[in-house]
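Here chain A shows up in two complexes: once beside chain B, once beside chain C.
Up next, the complex of A and B:
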């Protein structure tokens, strides 16, 4: 298989397969979670579930003071790499074209050097997060294979994207194909791992908020 | 005194001088060739000496499944250049389009050239070879494959000119009805110099010839058998519109403000980032311009399977298939599957609940 054939495969069949697994996996898991429901609470409600649930989705974006003091590094680096990922995925012109091709929606992009710099910062923050994970004995104890897998599949598209943009070590078609393949691996792994938090975070925050709302306490 | 020697006995230097090319122009050409092929300037005198004293090499040019665009590219120079003169100065003993002879006389010329220059002639091929059925493309009743193998046997070097000969090109495009293949797929015992492009840049072909005449060897090739000197950089890396790509300034359509301002054509499907060729530096039509300069995205014609690359006007990052359709079908199916699985889960839960019997104190005392 030549580099161009490889690129053709990842842009064609590979992309189709990854899309099918990603969409089917995410939707089936979300529908199953929602349909599981919750046990009916027969107590008299102390407040609104919905209002507290929605408020919690937003309020948990801001860590409370004591949590921040305890885990400032995790929170700051977590924010940096999540915002970095968002910029790299959604604000780079060639990526916007992918979304435009699939959904018909388009939005302005950031200048390439800005995305390039953000990619470096994101890669560094992801690296430091793993380093911190292994330096902290509690986090190290809690780390399992899935955590490592998720970290790798998240990091790979960033690294391969950076390499492909700067043409490091090989010629462009192969490097771009590797980058797209790494994204496809991420999409395939996504529904079966804790990467699902991208969607379930809103459900779980809502549940937490709703439970507190029902009890009439602050979430 | 008139030189009565046969054209084949004259050296390249003599032929160029007889065409009125001054030594200064010739040396300029040698310097340009050296610079283009990334050869040390110290070797310019060697190039000049070797080229001047080179005898006209016999060249057999075979055209198979092709459109003659490659020959057009070489012969349609607006003005006579040293490159074209060098090309004229080879002994082109066989070329369907350019030779005067036809029929049996033409084939006799090929056979004579092969016999007289066995092991020394250059074989240039444009067009792909149909393996599906020998009858798809024949010359004088000889299948392309047979003619190629017969002629390749005694060749000193083989040059595949154009994308059809190098990768199969248009005839090889899906569904490839003739079973078209490239030279590399049938010639396994000799290195093939690939000069892809649809058509290839004339100066690249003469450059390869100049290299062969100077050093008597084939130039340094990349993983696709292309001379690195010409195919070492991508169009994107050498493109004068590259700064616009870096700034994120793109033409969205062929007639918008961005297009008028000469912004990057990436969004219009430019394949420059994945295409390796010398268009952006050597340019076309006597250095006038190249496609991107004329406002059209690069089609990637010097890369394999460029016809099947998912559309000329589809940006490189876009998927080649209709992902929207796949996404909608998958989402619908997944929703149905999710509801079915959810219902099964609920039934399981309800069944477990129904079959659950409460533990009593008497159970514990048993």
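Up next, the complex of A and C:
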């Protein structure tokens, strides 16, 4: 397969396959969860589940002071790489074109040098997160193969994107094809790993807030 | 597979619902829950990371309730829940967790980890891996009505003492009373002053109240050990008594887990909403304050602080009331760092105090409370849970800290206008 053919495949069949697996996988996972259902609480409520659930979705983004002091590295690096990923994925002009192609929707982009710098910061933060994983005794203990896999598939699109943009070492079509392939790997892995937290975190925080709010506590 | 392992697995399966599935799907292994848990911060032992304590439940969820897990199970790739797993997790789930719920407040993914650990206990208990101390307490609760084996004659004897000391009548089995008071065995045996305090305050406020001689025990070992059938039976006894006496409100005493058991878990265990209200004693006292029926004229100028019992504050929602009440008499009230819903557990809730095997550990993790106390250096500590109280006293003694400990209800009674 030539570079051009490879690019054609990842843009065509490969992309379709990955998208289908991603969407079907996410739906299966969400249905799997929701279908289990949850019993209604029969105690006399002390507060609103709905309001408190919605509140916690937002409030859990902001740790309390003592938690921040105890887990500052995790929190700061977590913020940096999540915001970084968001900017790289959604605010880079060529990506917006791809989204426009698929969905018809479009939005303003950030200047390319800014996204470029953010990419470097994000890569560095992901790198430091892995170092931290092996230096902190709790994280080292918790870390399993899935954590490593997820870290790799998240990092790869950033690295390949950066290389493709700067045309390091090879010609454009091959590099772009590699970048797209890395994104496809991410999409395929996504529904079956902890990457699913992207979606389930909202439900999870809602439940947490609802459980607490029912008893009259803001969580 | 042995019968007990199978029972354990079935019990775990029975615990799984959409909250459990959502929670496990959302964990990103960030480790922040460990920093929120006194059993980790005071021991530095990573196996005490909160989410890891719920691992048996996670394994069952993964291998039985997810597509990938089921495929993995067919291929023999999933981690088993077997005898070895149950016995390994026993200490993690019962000795190293008080179900205080602090981790649940910190997890950035919003996972209610304490709920998952409690559900894991259901599996361990069914598999025969609960600590002996808790098994005994549960057996005594079923047989005698209370975890310490306190029977009615003992209560009646204490009541007679109180009546003699105060000259007040303790109303027993009064039909149609507004309030029915529950007690914890600890209060009956170790702190009869609590009954005395209630009698004084309620008498001053002319409250219509009673104690049922058929069901007076508020604590619920069934919940602590994680056997919902027994927990439901113990709740039902209270429901029966309350319905028989047709009371409007059942009062949970100064005991955190008792409040959680009867107020929030109770109707869900028996499967029926209650036709009476349940209130914690502090809620009742605060209502009296609002109605102007708590006249306090003595002030306490000492530096006082309040230890929030986890199940009353963070897990129960009674956070402001104790502070309003303390402000009635305290001239110099100071809050410990993290007070209120983020307070640190004393280290002995959730059945840990009934489990002698965990004695050294609970005293070790008391260092967290010591740290908190060292920051504010109070002259006295007020709290509202007899279990916290016993353990705080132990801890203070262990660390040579000479700080008196007071029950909020008892202190209020003491400072009541004559």
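The rule is short, and it goes like this: the second predicted complex is superposed on the first by the 219 of 219 C-alpha atoms of A that agree within 3 Å, B and C clash if a C-alpha of one lies under 4 Å from a C-alpha of the other, contacts with A are read in each partner's own complex, and residues count from 1 in each chain.
Simple rule for what comes next: a contact is a pair of C-beta atoms (placed from the backbone, for glycine too) under 8 Å apart; a residue touches a chain by one contact, two chains touch by 3 or more.
Just so you know, these numbers come straight off a predicted model, no measurement behind them.
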| item | value |
| --- | --- |
| Simultaneous placement of chain C and chain B on chain A, clash or fit | fit |
| Which of chain B and chain C A:58 touches, first, second, both or neither | neither |
| Which superposed partner A:171 touches (first chain B, second chain C, both, neither) | first |
| Chain B versus chain C as contact partner of A:112, first or second or both or neither | first |
| Which superposed partner A:206 touches (first chain B, second chain C, both, neither) | second |
| Which partner reaches more residues of chain A (counting touched residues only), chain B or chain C | C |
| First (chain B), second (chain C), both or neither touched by A:36 | both |
| Angle at the Cα centre of chain A, taken between the Cα centres of chain B and chain C once the superposition is applied, in steps of 10 degrees | 170 |
| Touched partner set for A:143, first chain B, second chain C, both or neither | second |
| Touched partner set for A:28, first chain B, second chain C, both or neither | both |
| Shortest span in Å between Cα atoms of chain B and of chain C, once chain A is used as the common reference | 7 |
| Touching both chain C and chain B, counted on chain A across the two superposed complexes | 28-29, 32, 34-37 |
| Complex interface listing, chain C residues touching chain A | 16-23, 25-32, 34-36, 40-41, 44, 46-47, 49, 51-52, 65-68, 104-112, 115, 263-268, 271-274, 277-278, 313-317, 319, 337-338, 341-342 |
| Of all residues in chain A, those that touch chain B in their complex | 2, 4-5, 7-8, 11-13, 15-16, 19-20, 23-32, 34-37, 93-95, 97-98, 101-104, 109-113, 167, 171-173, 176 |
| Chain A - residues contacting chain C, complex | 28-29, 32-39, 41-44, 46-47, 56-57, 60-61, 63-64, 66-67, 70-71, 74-75, 78, 136-144, 147, 192, 194, 196-197, 200-201, 203-209, 211-212, 214-219 |
| Contacting residues of chain B [partner chain A, same complex] | 222-224, 234, 236-237, 245-248, 250, 266-267, 273-274, 276, 303-306, 308-310, 314-321, 323-324, 326-327, 330-331, 333-335, 337-339, 341-343, 345-346 |
